[in-house]
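Got a structure for you, questions after.
When the chains are written out, they are named A, B, C, D, E and F in that same order, and each has its own residue count from 1.
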Amino acid sequence: MLTRLANPGFFMRVSGLALAPLAAAAALLFALGLYLAFFASPADYQQGETVRIMYIHVPAAWLALFFYSIMAVSALGTLVWRHPLADVSQRAAAPIGAAFTLVCLVTGSLWGKPMWGTYWVWDARLTSVLVLFLMYCGVLALWRAVDDPGRAARAVAVLTLVGAVNIPIVKYSVEWWSTLHQGPSVFRMGGPTIDPSMLRPLLVMALAFTLFGTALHLAGMRTEILRRRVRSLTLLQAERLERAAA
Amino acid sequence: MMETGRHAVFIWSAYGLTCLVAFGLVLRAVLDHRAQTRALARLEAGSGPAGSGPRG
Amino acid sequence: MMRVFAALVRRDLAIAVRVGGAGGLGLVFFLMVVTLIPFALGPDLNLLSRIGPAVLWIAGVLATLIGLDRLFQADEEDGSLDLMRLSPAPLELVVLAKCVAHWLATGLPLALASPLFGLLVALEPAALGRTALSLLIGTPALAFTGAVGAALAASIRRGGLLIAILVVPLMVPVLIFGVAAADPANAGRDQALTILLALTLASGAVAAIGAAAALRGGGQ
Amino acid sequence: MQLEADRLTCHRAGRRVLTDVSFALGPGEALAVTGRNGAGKSTLIGIVAGLIRADAGSVRATGTGERTLPESLHLVAHRDALKASLTAAENLAFAAALLGSAALAPDDALRRVGLPGAGALPVGYLSAGQRRRVALARLLVARRPLWLLDEPMTALDAAAQDLLGGIMAEHLAGGGLILAATHAPLPLDGTRELRLGAP
Amino acid sequence: MMRVFAALVRRDLAIAVRVGGAGGLGLVFFLMVVTLIPFALGPDLNLLSRIGPAVLWIAGVLATLIGLDRLFQADEEDGSLDLMRLSPAPLELVVLAKCVAHWLATGLPLALASPLFGLLVALEPAALGRTALSLLIGTPALAFTGAVGAALAASIRRGGLLIAILVVPLMVPVLIFGVAAADPANAGRDQALTILLALTLASGAVAAIGAAAALRGGGQ
Amino acid sequence: MQLEADRLTCHRAGRRVLTDVSFALGPGEALAVTGRNGAGKSTLIGIVAGLIRADAGSVRATGTGERTLPESLHLVAHRDALKASLTAAENLAFAAALLGSAALAPDDALRRVGLPGAGALPVGYLSAGQRRRVALARLLVARRPLWLLDEPMTALDAAAQDLLGGIMAEHLAGGGLILAATHAPLPLDGTRELRLGAP
């Protein structure tokens, strides 16, 4: 099954079928999540109404990490198995991950002003997320710097894997160092500590973000495959013209 | 309409910016896909994309 | 194996000395950075002594960045890198040797001379030793992380600011812990020093493997 | 040792360069790779050296003992792989240390290629042909059975071409192998020819 | 004459864009420097907003320094500089064109984007425009002074830190007046701005003549 | 134009390279500079181009109109003066703008040297001989009477050598001058020879 899915032709067919349902489900869940977030959940006793920012901040943070992980796994695929689909997956994931990281940073800052009195502090969590964003910038810059996709994929894969050390730091920085940012309250030993009335919209929004991200990733991969086809056809045609001229 | 209190600016700008980014992602995906499909169609029809390939 | 390592280090050092990127020149360069920053910030001794270690650390990052462009690219352009690919010594060793040479030419002079420069930025005596130690332990990590970026750029024949962009995010943790380990007002200095040491060791391993992988992939 | 290349196919930057190239090379044999500019001579040499990956086909070496193919070959490519700021002797000493299994000392190797006085000169002070001679002297400072030469005679004068002929003949006599890309005929008797990209 | 100038600028910009030292990359680089310095100095927003203009100016110096090594050296190594010596256009014009291209790739993006980065280092709104203006007027002077060092180094075939050492002392006055012109607390800002403008014009002339002289001498 | 070199003497890095070298060259003439490696061929060319200063002697050009000698000559040296990241056409367009007095368009010049399809390819993607052809195409994109060629045939295949011969003959027929350092005989009839550093 996995080997068959790794065949670009088969992948195009399956992803083509899956794309529309994924997008539709994401849209529905967004609607539900937004309803829950604004109408069916209370203000936090401590954080007041601003807690509603959580419903986008936290899913965006999760997806920022998630997409970097996808890039890292695909990078292994590129370096170890040299599979073209892994290259494609790497490339498609980068801009999406960067966008979610940006959302996490922006919403976090906008939350920080009312909660901490400042948009930005240099604590371990915030700093490591900024480093994550810079890593995404580096990856995107590297992709743009090379026109040969195979070579670019290998270079980016090395960079991604080297930068992957930052991921645990982002995740666990709040536990390793005392930070202003609060600790984990959903995925932790002993179950979530959030009130269900806030946990429910959070999880719905998280699912919506995930489906949305997955749909974008699949669409990006499809486009990328097309781009490669265009490239090889262009080269082939140039070669043919040249042969004719010579 | 629900109550967002005195921090409404922050909440709305957070949601607004997120919408903007999400919209940007979708737009990019659609435009890029359309561009590639067109290029592919043109190539498969036999004539190279304008401006590429060797001149002469 | 050790012979290849020594030959590589000797060669790179000789080139650095003759071309003008090592030793005494390094010291002059630090002197300049250390004077430049007070110029930019204005003559506030209090402020200076507070951010003194940071100034020295930034100087270290700069010195590492400036030569980085050519670290592998020069060898790639003139074909020397192909020679290294034919060596029985693994590319990882080659990378490490080049990092060591780069560090000997830039990081080590800085660390050794930092007590002197510390006086210029009005560091307290207690902080002088700390700063020197943190630089001694931490600057190799800068060279290592830098090497990954340099190898990536060389493998795709790119350079300039691109390298800085690839490398700076990786250097940020080193910089943070380096400054923390040097900061006299920081209670967790020893912890920071330990982390710095760990970073140096880990980045050495990562750099060797990562840069070698990049160079191998770029063979075409 | 014995070298065998089997149906090599290679694309570069998306364009097909080599198609089904095969050859075999045994001890004491020299093979001249010829063809027009852009035929793929340097590409073939790069593939044998393990620097370029072929899309299909294989290169096999037997009888190299414990050493891999890249460790049993010398490469003198278009680019000289010399550092201008180091002296000729330093460049050679470095190559010897890097490649292992030392043979001649740098100064002796320089004498063999007709540059007795050049050891102490930075390579940046040498003329084009003198530089090429230093690169060729690398063949003598480490003992490796397979020599890959990419247009070795570039910039050499007649005397140096004779010297190179003598050095190559000696290598072949000692059971060495030579694969050389060239436009001019090699200064060697009885070389076979592999013609790439027949017109 | 103008044709040669335009051709040179276009060529150098094209190379910078393809090799990876221009435009968007420049912006990412500034983003990194602007985040790097707070990393080193520690999270003191007050301090940051006070030294904000200085941080941006230091970023400008860095971006200028990083590509400088190759400004003339790359052309010297591959023989392009000999071609330029055969041009009917004087070498002074060639130098100016290369400076302009270097500035377009590094200084201009910084100046244009500085209001954005100023927010990161908590600059007050009033200071944002000032800083941008000072960078716009002052960064060409950095490129000009840098070119003199790059030409000297290329003519003697040296590089690395040497260039930085030759160049940084020349950049100090520019830096001082640049920061002074940007400083919101400085009463003599307009005067500083005038001096900055004068420095840029003067350094343009000096660079053209000085660098061309160095390149002519280096013909051998 | 008319070129005259009178008793040129030159030292490089403290060693005497040229001693009392004189020659004259008129319209339609080609002079082949020969000699062993390190004899001073490239040095002589550099002196004529104004890139190297002779210690004694003089180079005079007459009939160049308002242009100085460096502005009336083309130089194709050992180094190609090409930028790997620019396409062949971009490299040539730049050279044309830099040297002035445009002649052929880049694409036409490339066709003349047998590289019809290479205009859009970055020079870094070309083989050694293709690169040399691009460097030679520079001779055609700007009109200058004196051509200084330093081993122009390096890395060229037989077809390209013929092309170069044709281009040089055409230049001479149009009243041009050629000064070429070379080890192999030039693909031209009736060239005079200037032998440096007689043994």
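Convention: a residue touches a chain if its C-beta (ideal position, glycine included) is under 8 Å from a C-beta of that chain, and two chains touch if they have at least 3 such contacts.
Note that this is a predicted model, so its numbers are computed, not measured.
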Label of the chain whose CA centroid is most distant from the centroid of subunit E: D
A-D or A-B, whichever has more C-beta pairs in contact: A-B
Distance between chain centroids, defined by C-alpha means - subunit A, subunit E (Å): 36
Intercentroid distance (Cα basis), subunit C paired with subunit B, Å: 40
Multi-partner residues of subunit E (at least 2 other chains): 19-20, 25, 28, 32, 35, 39, 42, 157
For subunit A, residues contacting two or more additional chains: 127, 134, 137-138, 141, 145, 238, 241-242, 245
In subunit F, residues with contacts to at least two other chains: 12, 78, 85, 116-117, 120-121
Footprint of subunit C on subunit D - complex, ascending: 12, 49-53, 67, 70-71, 73-75, 77-83, 85-86, 90, 93-95, 97-100
Of subunit B, residues touching subunit A in the complex: 2-5, 7-8, 10-11, 13-15, 17-18, 21-22, 24-26, 28-29, 32-33, 36-37, 39-40, 43-44, 48-49, 52-54, 56
Residue ranges of subunit E in contact with subunit C within the complex: 16, 19-22, 25-26, 28-29, 32-33, 35-37, 39-42, 47, 51, 54, 57-58, 61-63, 65-67, 69-70, 106, 153, 157-165, 168-169, 171-172, 175-176, 179
Sites on subunit E touched by subunit F in the complex: 3-4, 6-8, 10-11, 14-15, 18-19, 77-80, 82-89, 219-220
Subunit D-facing residues of subunit A, complex: 148, 231-232, 235-236, 238-239
